[in-house]
């Protein structure tokens, strides 16, 4: 882990010092041992503002090794500012290989999405988490929410869902949809769309969650039960889309709305850019796909 | 004839702490018993302590000295020393009481006021209401009043509700504190008939009746309360 | 009716430093019994209520509660998890100020349903039907079910708080001045409602009040407290009609006659 190349001599490998990494790894191990439990940790100042993934970056920095291949996505995209700069950060401070291909990555740091391509054993998905406490909006006192977790008092979580149904006729929560992990802790899956919740259930990949500002780490080990809370007569449902991806024609994937002009023109496309490109390379076409050869437009990892 | 209630050497006084703790003796050496199927009447002028004796027998007044032995649920209990819980059980199962005035509860209808003691004894509400209707009809309370709370009723109407409430249950002992005081002749006769029916059913009654005619009609025995004046015992 | 009490309290004392909260209080409470604790402000009645409901730990003494399985459990030796479970299933606590006992920013229906969800009910339709039923039992119009208690009058809030507490069929309810701060007419309605519910459900209750009329109407038994000590106790009508302790005589003689 201490292998250093000369051009990054001014930083320790992966930016954090070894003592900090050790502390964070301990928190991660505790998190893995108690799935869904929020482990407090001494979050460090990172060279980026809170809200830009400082929690996820610290987790990634603590687990990454020279042989790892890193993929970073923001809302499913590899090419947005946040993803590009975090990828560049680790290229610089750890000199690791980076990729946009889900299947090739060993560590995927994500904000707000789980890739469409199924994850496999050995992969680690690192979530950036803004507010780790699922009970926070109902109970502002940290002392009380901790007690509620400790005593498994989760009635309040269903009060929120009840209010949704009473007000909207259905559970209107669409992201950060609360889940119960391994039948014990209620957990905030970070602001991923609830579309992704089923992917967390018994995933072969290790899922780690880092909240930098709130100083919490939690984890879902591979093959762990992750069940979305619901009512018997209002079961959990994921979003569905009326039309396939406008570019690659994919169905049953999470779509983003893209505004095309200021006359109301818009289209729905895969939020997972890597998945979309792969499909287009394979020759799939949506109804708004350009006729040009996509191979030449393929996104390169940012430097 | 069985004797379900025996009073022996009971004494009662009030200590007025707000008036320098002066002690007002009420009765002393109260001893008598009542028998099933009989109506015993407490006699004596106003202020002799008749009401106080009745209230002690119902657990409403504390007893300073002596014993009040009641047959309750196949056992004997000294009411003078019984725990509140036992007194409540005695009131529910053994001793009924018709007070001088009805203590009304807001918003509860006359019918339910009457049916309540039966419901408390575990009877179905509708069955209890049916019995309450029959009693109120017998006591000539106009039917249009049954569903109203008795708070606004006249004295006589309230008293009839009170009597119905006291007579509806099958307590083996029934205490009556001037039940006929504010009734007209017709309803007085109804009460006399109700008392006669209780006697036939083997209830032991103990009452205070200022009305001479009623007393003549119902009394089997008279216990003279002046014999229990506190001065006499001291002398 | 069982012969065992629901709650056994023995020599309970609570001191705040050298100040006495309540001192050496003992009593038994049986199922279906309503016990009124009366006294003026500072008499220790609220301290006693808070100790009994385990919201406060006493300095000494014991209180044991007969659980649904018939076993007595020492309240102050239970784990916090067990006590909190008891609080939201087998017990209720009606606060003087409804805002202390309600979630003011969630709907009336959710306020009533919360305890059901807390004990594992996961059927929205059934939870809502139960909430509707309870709102009608406390005389709140069905169409207010999705309104927040912030939009309710004081009397309605108090009735909602009662429904929220009773929905899990508790066996023991603590009430702290349940009619305090309400208009007289609203008070009468609430008292009548409480009286009916207590009788129909066979609840045991401990009601703290400074209002002797409330005690007369709701309770069978009464304890009079002064300076942290019980100065007189007994049947409610006995204590009120034949008060023996000097302080009780003062209290009773201070009632305003209308």
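Letters A, B and C mark the chains as written, and numbering starts fresh at 1 in each.
Here, a residue touches a chain if its C-beta (ideal position, glycine included) is under 8 Å from a C-beta of that chain, and two chains touch if they have at least 3 such contacts.
Keep in mind that what you see is a predicted model, and the values were worked out from it rather than measured.
K.L.:
Taking each chain's centre as the mean of its C-alpha atoms, which one lies nearest the mean of all protein C-alpha atoms here?
P.N.:
Central by C-alpha mean position: chain C.
K.L.:
Name the chain whose C-alpha centroid is most distant from the C-alpha centroid of chain B.
P.N.:
The most distant chain relative to chain B turns out to be A.
K.L.:
Rounded to the nearest whole Å, what is the centre-to-centre distance of chain B and chain C, using the mean of the C-alpha atoms as each centre?
P.N.:
32
K.L.:
Please report how many Å separate the Cα centroid of chain A from that of chain C, as a whole number.
P.N.:
Averaging C-alpha atoms per chain gives centres 48 Å apart.
K.L.:
Using mean CA coordinates as chain centres, what's the chain A-chain B distance in Å?
P.N.:
Each chain reduced to its C-alpha mean, chain A and chain B end up 78 Å apart.
K.L.:
Contact residues on chain A for chain C in the complex?
P.N.:
147, 150-151, 153-156, 158-159, 162-163, 165-167, 230-234
K.L.:
So in the complex, the part of chain C that touches chain B is made up of which residues?
P.N.:
Listed in rising order, the residues of chain C that touch chain B are 28, 30, 33, 188-189, 191-192, 195, 199, 217, 220-221, 233-235, 237-238, 241-242, 244-246, 249-250, 253.
K.L.:
Can you tell me which positions in chain B touch chain C when the two form their complex?
P.N.:
Answer in residue numbers: 14-18, 55, 59-62, 84-85, 87-88, 105-108, 119-120.
K.L.:
Looking at the complex, which residues from chain C come into contact with chain A?
P.N.:
Interface residues on chain C, with respect to chain A: 80-81, 84-85, 88, 103, 106-107, 109-110, 113-115, 117-119, 122-128, 145-146.
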